[in-house]
Every structure is written in structure tokens, then in C-alpha cells.
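These are the structures, in C-alpha cells.
Heads up, the next two complexes both have chain A, just with different partners, chain B and then chain C.
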Partner chain A sequence: MENDLLTVQNVSISFTQYVQGLQQHILKVISDLSLSVKEGEVVAILGSSGSGKSLLAHAILGILPENGQCDGTISFKGEVLTQEKKEELRGEHICLIPQSVNFLDPLMKVREQAIGDVKDEEKEKALKHQKEIFEKYGLAEEVGDMYPFELSGGMARKVLLSTALLSDPELVVADEPTPGLDQASVNETINDIKRLAQEGKGVLLITHEIDVALKTADRIAIFYSGYVIEINKAENFNDVNKLLHPYTKSLIEALPRNGFKLTSGVQPLEEVDGCPYFENCPIRSDICQNNKPDLIDHNGIMIRCHNFDKEVN
Partner chain B sequence: MNNRTKKFIRNKAIHFIVLMLAVAIFSFILLELSPIDPVNAYLKQAVVSPEQRMILEQYWGVNQPLTTKVWGWLVNLLQGNLGTSLIYRVPVVDVIIERFMASFVLMAISWVISGLIGFGLGVVAGKNKGGWIDKAVKVYCYVLQSAPSFWIGLVILIIFSVELGWFPIGMSVAIGTLNTDATIWQWLARLVLPTLTLSLVGVAPIAMYTRNELVNVLSTDYILFARARGESGWPLIERQALRNILLPALTLQFQNFAELFGGAVLVEQVFSYPGIGQTAVAAGLKSDVTLLLGIVLVSAVFVFVGNTLADVMYYFVDPRIRENESFDKN
Partner chain C sequence: MYLNANNISYAYKKNKPILKNLSISIPDNKVIGLMGDSGSGKSTLCKVISGYIKNYTGTVTLDNNLIETKDFYPIQLIFQHPEKTMNPKWKMHKVLSESWNPPQELMDTFGLKDNWLGRWPNELSGGELQRFSILRALNPKTKFIIADEISTMLDAVTQVQIWDALLDYCKQNKIGILAVSHDKELLEVIADDILLFNEINKL
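Presenting the complex of A and B:
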């Protein structure tokens, strides 16, 4: 994996919580997550909302809350990221595109926020660059003088995007860039993200919208109950037979265009001994109950299932 | 001046008139219901014949119906006549102006000092949340918030005047000197300790509030995003957080006018500082009804001004409120 921009290996993120006085409880949100993003590639992490996907973005940027614990290794261009390294790279080489206008300071003009904290002598240059970027993403010049509460939804999204791209990063982490947007804005976002990849940047797209992931990404990682259960090429999602994990299959079959086949069941909230999908799995066997499957490589597809090849036959 | 400002001023004016009418009427009725008898207060236990007493009662209109009394009070009030003080034998207005100026200096200096120090301590504590500075500030604030201000005043008096002998124990001027004869330095020396006390007490609420506001702001999404873009440390707080906590802190500080007034009453008493607070206590103890009513009215104005300034401040500092104006115009 020489040309990998970002490599995430066996990353687990957990939180220490206090329940009833001094009793500690460790809440595991992401377990044993591995994936990689190459230059010019869009990798989507697709999972239900509220499942903790955003925390991976925060872990990559080193902005997890104090009680959050991150195990495993995250490397950027082959170099393992320590907290110091993350602080050095973030904002410059790795950038975050946040979810909503809430990520902008309500009392600061958009322009000031976009250029960030720059020295006085560099300010002019930064402002010029900001103007170019705003223009590139179709923002009028006066938008810079606005306060966040004056922006429309589409404008806010463009502002967030251009703010993140001002420093010309190599890796962009887009955290739910599309919720609550109209179809035209969603399509625009998809095109913007694709354009980033064409410019050679790596993009990690975190989303719960299947369509956005399918239209944007080169590869899609399916996130289920804290685990990545399958990483497959986006084009394989057009053909259920090319998907390996039973959850991925049911997910795709549930799409309206694929016949709306609904499967019941919910994702387990507590840590389980065996496969997280055991309860709802149609192809489970005895081994699945108490043994957790590892994420393994099967002809370039990453899969976390004991029985996927038995079903294929 | 645009429509919004006009509307703001109009509403505030109506608010002010209604408030003053209510305060004037209710404080008068409360005093009327109290056991204070103006005739007794005037006579100070001097022995008089019932006939003389009747003449006095008639002169003051003690036996008139309540509505007539209230009406008379309001009419006089509108003419700017607050009556004559029983203990000072001069018009109430003159007493209040003189005493209020002395208090105003005391309160204004304490207000500025407590605001600045409180805000500073709050920011330092909030930034180092959970650290030893934070804990020290918290302990300081809890202690001061729970201790009565007159007690703090006594402790300061014991330390600086009695033990160290740095400052006079009380009075705005030395005994035997006239108020007008005192030099500015004598006067300043007597101002230091009451100001110190009021400032120390005033620091606690603003520091705790600022600390919590900063902790909240630091956990918001926009600070997260700013950090994700490489901002950190003091520049981050200075650039993004301060602006967002300044406004609520200012509001709180202006609303503290009422507490400042209450604190001044006790502190002036402890230091025998001849301000409005000490005068209020004297008026109460010596049943000086006219002076007491005058002070109640003035303090209501004072608190109203504090709250109005807080509102005006919001209007000018927060773009979300300021910019609404342009929507109104369109």
C-alpha cells in the first residue's frame, strides 16, 4: 500500500463515562476499523446516522473530546500520526468539511473565518486567495461580508467547502456534507467532491445517504454497529451478487429501485461476543455466535464475515 | 434614526413610566401600612398635648383617605417635589444628589474593577478547565459568593485599618473636619477599602458565569472546526471565543447594578461611608418616610438604567440583532 494517502489500521474509539457515581463505563463507538484512501480517490463510509462515524473524522484530525480514547494507528503518507503530528497537519494538509453552518462562529464574518488566524503581513495574500476560492465555488464577493446566520443552506455548504479548501489540502475529510440540502445542492456537492478527487486529492466521505455514497465514491465502506463489515468498489453496488456481506446485500435490496425488500431487526447497541450482525443474519452458523470475524481481503474486497463464501457457492 | 430605534425608545419609555408609577404607588402604600407614624417620628417622644398633636396630624394630613394621600404624593412627585427630609431638614432631592454622587463613585469604580477582574479570572479558569487555576478560582468564587458582603467588609477593615493601619477606619472625612474641607487625598483614602470590598464581592458572579460560558463555547462545533483548521491555544480563544462570551458577560454585569446597590448599602454601613446606602439605612431606622421613598425611587431608576444599557449593548454588539433592522426596512 505504497501510494496510500491515509491508512487507518485497527482503530477503535471508546469513551469513558461515569454512570452512577464513580462507576466507570467504557462505551465503544468504533471497533477495529481499517481502511485506506489513495490519492485521487473518494472512499465513503456509509452507516446509519448517530452511529459514531463522525468520530473517525475527529480522530484523524486529533480533535476527539478529552474522555475519548483512540487505539490503533492512523498514518498519513506512510507516517504514523501522533497527536503532535495531527496538530501540525490539520488545517494545512488534512482538512475537514463539516456538516452544517453551526460549525461557523456566529459572531464572525465569513471572510474572517475562511482565512483563519493569519499574521497581518500575510493577510492580504490570504484575502486574495479566499476571493479566488469563493469565486471558484460560485460565491459572490459580498458573501464574505456576511455573518453565518445570513447564509442560505446552499451558500453555507459552499462556504464550508471553500473554507476547508483554502489551504489546498491533500486529504479532505467530508463529514456528512449533504444533510438537509435540496436535490440540486446535493448534486452540486457530489460534483464538487468528485472534482477534488480529479485534482488528485484523497477524499474520505462520511455519510448516511446511500445515493450520495454510490454517486460520489470509488469505494464504499459499510459501517455497522461500530464495525466496518465490508469495503467494496462502488460499481459492485449495482449488482447484489457482487456484494459479499448479507447486511450490505439487504441494504441494497431495500432501495426502492431494487424492489424495496425490507429486513427487520436493529443494530445491537451493546458490545457482543460474536459477529455484530449475528441476530439478524440469514446465513449465520454456530461459529458466528461467539467468534468475531476479522476483516479479510477477498479478491480486493474487504469483508468481515465467516460464511460469505459459503453463501456465494 | 430608523424605525427600529424609535420603537425601541418608545417601548422603553412606556416601560419606564409604568415602572415608576407602580414603584411610587406601591412603596407609598407599603410605608403607609407599616407601623411608622410620621407624627411620632417628628416628635421623637417629646411630650405634647393632644391638641398640639391634632394640629400636627391635620398639617400632615394623616387622617385623609389613602387615595387622597397617594394622589397628593403623585402630583408632588410630577412637580419634582419629593418633600423635606425629616432628619436632615433639607429637601430630599438635595440629600439624594449629594449622597448618590458619593455612592456613584464607589459603585462605578467597583463595577469596572470587578467586571475586568471577574471576566479575566473566568477566562483563565475556563481555558484551564479542571486544572489547579480553575479550582482556585472556583473556591475563591464560592467563598465570596456565600460570604455576606458586610462580613467581608469587616474582615478587610480588621486587616487593613486595625492591624496594618494603612487606611482610616471610617467616615469620609476625619472627625472634626467639614466635608467640604477634606482634601481629595483624604477622601480617596476613605474610598479605597469600601471599593475593594465591593469589587471582591462583585468578582464572584461574573467570574463563574464567564467560566461556564467559555467552557460551553469551547465545546461548540465552531470551535471544533476552528481547531480542525489548525487554530489552537490563546489565539483561538481570542479570535473566536472571547467575542461570543463578551456579550453575555456584559449583560450580566449591567444587570448586576441591582446587586451592586444592595452590596453598597451594607458596605457603606460597615465603613461609615456617607453614600446613598448608609442614608437609606439611616432613613429607615429614623422613620424618615420622605427620604426613604425618594431613595426607593432613585434605586428603581438606577436598576432600570442598568438593564436598559444591557439591552442597548446587545443591540450594538450582536450582528444577529443589529442586522435584523435591515430586514425590517425591506
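Presenting the complex of A and C:
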């Protein structure tokens, strides 16, 4: 796949925690995650809040906390990313749009943190560029002089977006860009993300809001209990029959406009031996209880379900 | 039974009211939806009605009687972020029994697993915690539920589960609900009537 910008292969992220005294416990948050983002493409990862999706963004940028461990490979333009490589690329070629203003320095004016640490002789150029980008995303000039606490929700989002785009990155990782925004600001965010893709950038959108994913993404990856269970084209989400995994189907049917259909069952808390959806699955068979399905390609759709490996064999 | 809030006004800053002459009436057999933009004061209204904010002007009454504040407060607020409403150093069984001990049947309806009770709040997800915070609010003395964006941060499947169980219980036990959300599609499904916040708030 020559035009893949970002490739994530079999990535697992776990944390070592102290439970009692010196007893350690390993908490697995993301298991065996694989996906790719092409140039000019928006790929969304959809999962419930608190399920650990943001950690993937942190892993790509190499900013996981010290007790976090990331296995598997992440490559950018075919080159495997090591921690050193990530540090070199981030901020230049790969940029993060963080979740909230809490990621900004509260004691620094917006303008100063947007341009970052630059040499004195380059500062003028950087400031000019910053002004252009701020203007492009509809931020008034005086916003540069504000401190983060003075920004409204919508303004803060624009600041985060334009700060990420100052260095003209090839890949943008947007982590929950829409929470707590009213409909008008959400629509604006959606347009901004689409515009990035039109400019040829790759976008990895991490969200729990299904509508945002549907309106912006080309492909949507469904995240369940730490696993990506299905990666399907966004247009297929308009027709439940084109979706493969039973959880994806019930997710779409549970939307208020699609009938608000009740499906019982909760996501398992602990790592299970078999399929993570086994307990709630309507089409399970014996093999699902103790064997974990792999994410496989089924006519261009990635699916993690034993019912589809049979067809392949 | 009717819950009435009459001519409520409230200001965080002097001369900058956020609620003005707002009146709302909720019958105990209905779900009233309330829609509004973020920052418009919906949550402030919720806190006034459920007794968290006291220095407002106007009255909150149940069948024209003022509410006794020394007893269990019959109007219970359920917040958007359950993790912020629980003592992080209490295990879940204590969090729940602070209010009451619900029968096993009801715990099953809300999908509460027995092994969750021995966990700390930070070991459960938002959806799981929200089930606790709803069940905790459904004490037999509760007459009205104020649901402030209770399913905004949940996935669609959990959202249905939670609302289904809550609506069912409230219908059976004659508990009225004020459901606050910015999600029009959701309110159209769950509510009997929908009010627009900006229309009832006479700023």
C-alpha cells in the first residue's frame, strides 16, 4: 500500500499499575489494533468515552506516560516509527489536535504557544505565518493576546486546530474535537476536518460521537472493549445490512433516529479468552468462547468475527 | 402530583442574570424534555430545582407545598459526569447504599453486575458508573428525576439501555422526569413534550 500515510499494525497498549504494596497489575487498554490512513482520507475511530481511544493518539506521537507500554508497529510513509523518530516528526509532519484547552499552557499567551519555541531571527516570520493561519480559521487578531482561560469553547477549538496546522503537517490526529460544543460549532469543526482532507492531509479522527464520524469520515473503525471489531466505509453505515459485526449493527439501530432499539449486555471488564462480544452476541458459536477472532479482510471491509473466517476458508 | 418552579430568577454575578422569571411545570406521569445551547443556564436551572442552589428568587413546590429540606430531597438530580459525583475512596456498594439498597430485580434491570459492587469508581467505565448514579437516585422517596445530559457521553447502545430502564421504572412508580439535553433526536424519542430553554427563560 504505497500511498498509506500512517499504518498501525497489531498495536497493543497496556499499563503497569501498582495494586497493593509492590504487587503489580498489567492493564490492557488497546489490543491488537490495526488500521491505516491514506493521504486525503479521514479515518474515524468510534468508541465509548473512557474506552482508551485517546491512547492510540498518544502512542502515535510518543507521549504515552512512563508506565504505558506500546507493542506492535506504527509506521509513517512506510517507515517504522521509533521513539526518536516520533519525536522528530511530531509537531512537523504529524500533529495532534488535543481534546481540550487543558493541553494549553495557562500562563502563556495563545500566540506565543502557537508558534512554539523559535529563534529570535525567525520569530517575525513565524508570527506572520501564525497570523495567516489564525485568519484562515476565523480567529480575530486580538485572540493571539489572550490567555487560554479567556477563550470560549468554540474559540479554544479553533486555537487548538490552527496551532496544530501551523507547521503544515501531512497527518493530523484529532482527539475528540467536538465535545461540549453546540451544533453550530460542531458543524464548523466538521467542515474544517473535511477541508484538511481536501488539502491532501490524512486525518485520524478519534471520537465517541457517531454523527461526527458519519459526516466527516471515509472509513470508520468501531472500537469495542479495547478491540477494533470492524472497519467499514462510512456510506455503509446508512444501511444496517451492509454492516457486518452484530455490535456495529446494534450501535446503529440504537440511534434515536433509527428506532432507539434496545440491545442488552455490557462490555466485559476483564480480558476474556474468546471474542470480546461473546457474552452478548446473537450469532455466537462454540468456537467464539475460547478463541479470539482476528481482524480479517472481507471484501474490503475489515471484520473481527469467526462467522466471517469460515467463509474465507 | 405536580412539580412547579415559579418565576425562578438567579444570577451568578450581580446584574447579570442567567435565569429570569422562568416557570416550568412537570407532572409525575410525564417526561418533559428541555433543550438549549451550551452555556445557556440549563444546568443552573437543574440545580435550583433539585435544591443544590438555594439563594434564588421564586419558588419550587410539589403540589403547591414548599419542599422540606431536612428530609430526603424528593427531587433528585442525575449529573452528566457520574465519576465526579462519587467518593473515589468508597467502593461501589457503599456509593449505592448511601441512598438505599435496591432489590436484586432492579439491579438486574439496570444491568448492574454483582462483581461491580466490590470495585472502586475508577475501575468502572462512565456507562457503568452512570447506571449506579441513576439507581442511587431512584430511592423510594424520590418523586421527580432531573436528568441533566445523563447520556451525552455514552455510546448509543448504553444510551438506550439506560433510558429504557429509567423510563420504565419511573412510569411504574409515578416519577416525573425533566430530561435536559441538546440532542433533539433523543428528546423526540423519550419525551412527551419538549420545551425550548430560551423560550421559557425570559432574559
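Simple rule for what comes next: the second predicted complex is superposed on the first by the 307 of 313 C-alpha atoms of A that agree within 3 Å, B and C clash if a C-alpha of one lies under 4 Å from a C-alpha of the other, contacts with A are read in each partner's own complex, and residues count from 1 in each chain.
The rule is simple: a contact is a pair of C-beta atoms (placed from the backbone, for glycine too) under 8 Å apart; a residue touches a chain by one contact, two chains touch by 3 or more.
The shown structure was predicted, so the numbers you read here are calculated from the model rather than taken from an experiment.
Chemist: Is A:Gly202 touching the first partner chain B, the second partner chain C, both, or neither of them?
Modeler: Neither chain B nor chain C is touched by A:Gly202.
Chemist: If you stack the two complexes on chain A, which partner ends up touching A:Ile210: first (chain B), second (chain C), both, or neither?
Modeler: second
Chemist: After the superposition on A, what does A:Phe260 contact: first (chain B), second (chain C), both or neither?
Modeler: Second partner only, chain C.
Chemist: Have a look at where A:Gly274 lands relative to chain B and chain C in the superposition and call it first, second, both or neither.
Modeler: Neither partner.
Chemist: With the two complexes superposed on chain A, say which partner A:Leu61 touches: chain B (first), chain C (second), both, or neither.
Modeler: Touch status of A:Leu61: first partner only.
Chemist: Tell me the contact category for A:Glu150 with respect to chain B and chain C: first, second, both or neither.
Modeler: It touches chain B, and chain C stays clear.
Chemist: Scan A:Glu87 for contacts with chain B and chain C and give back first, second, both or neither.
Modeler: first
Chemist: Taking the complex as given, what residues does chain A use to touch chain C?
Modeler: Within the complex, chain A touches chain C at residues 47-51, 153, 179-183, 208, 210, 247, 250-252, 254-257, 260-267, 269.
Chemist: Can you tell me which positions in chain C touch chain A when the two form their complex?
Modeler: 37-39, 111, 113, 115-116, 123-128, 153-161, 163-164, 182-183, 185-186, 188-190
Chemist: Show me the residue ranges of chain A that touch chain B in the complex, using the header's touch definition.
Modeler: Checking each residue of chain A against chain B gives 58, 61, 63, 65, 87, 90-92, 95-96, 98-100, 102-108, 113, 116-117, 147, 149-150, 163-164, 167.
Chemist: Hey, which residues of chain B end up touching chain A in the complex?
Modeler: Residue list for chain B touching chain A: 219-222, 224-232, 235-236, 239-240, 243-244, 247, 318-320, 323.
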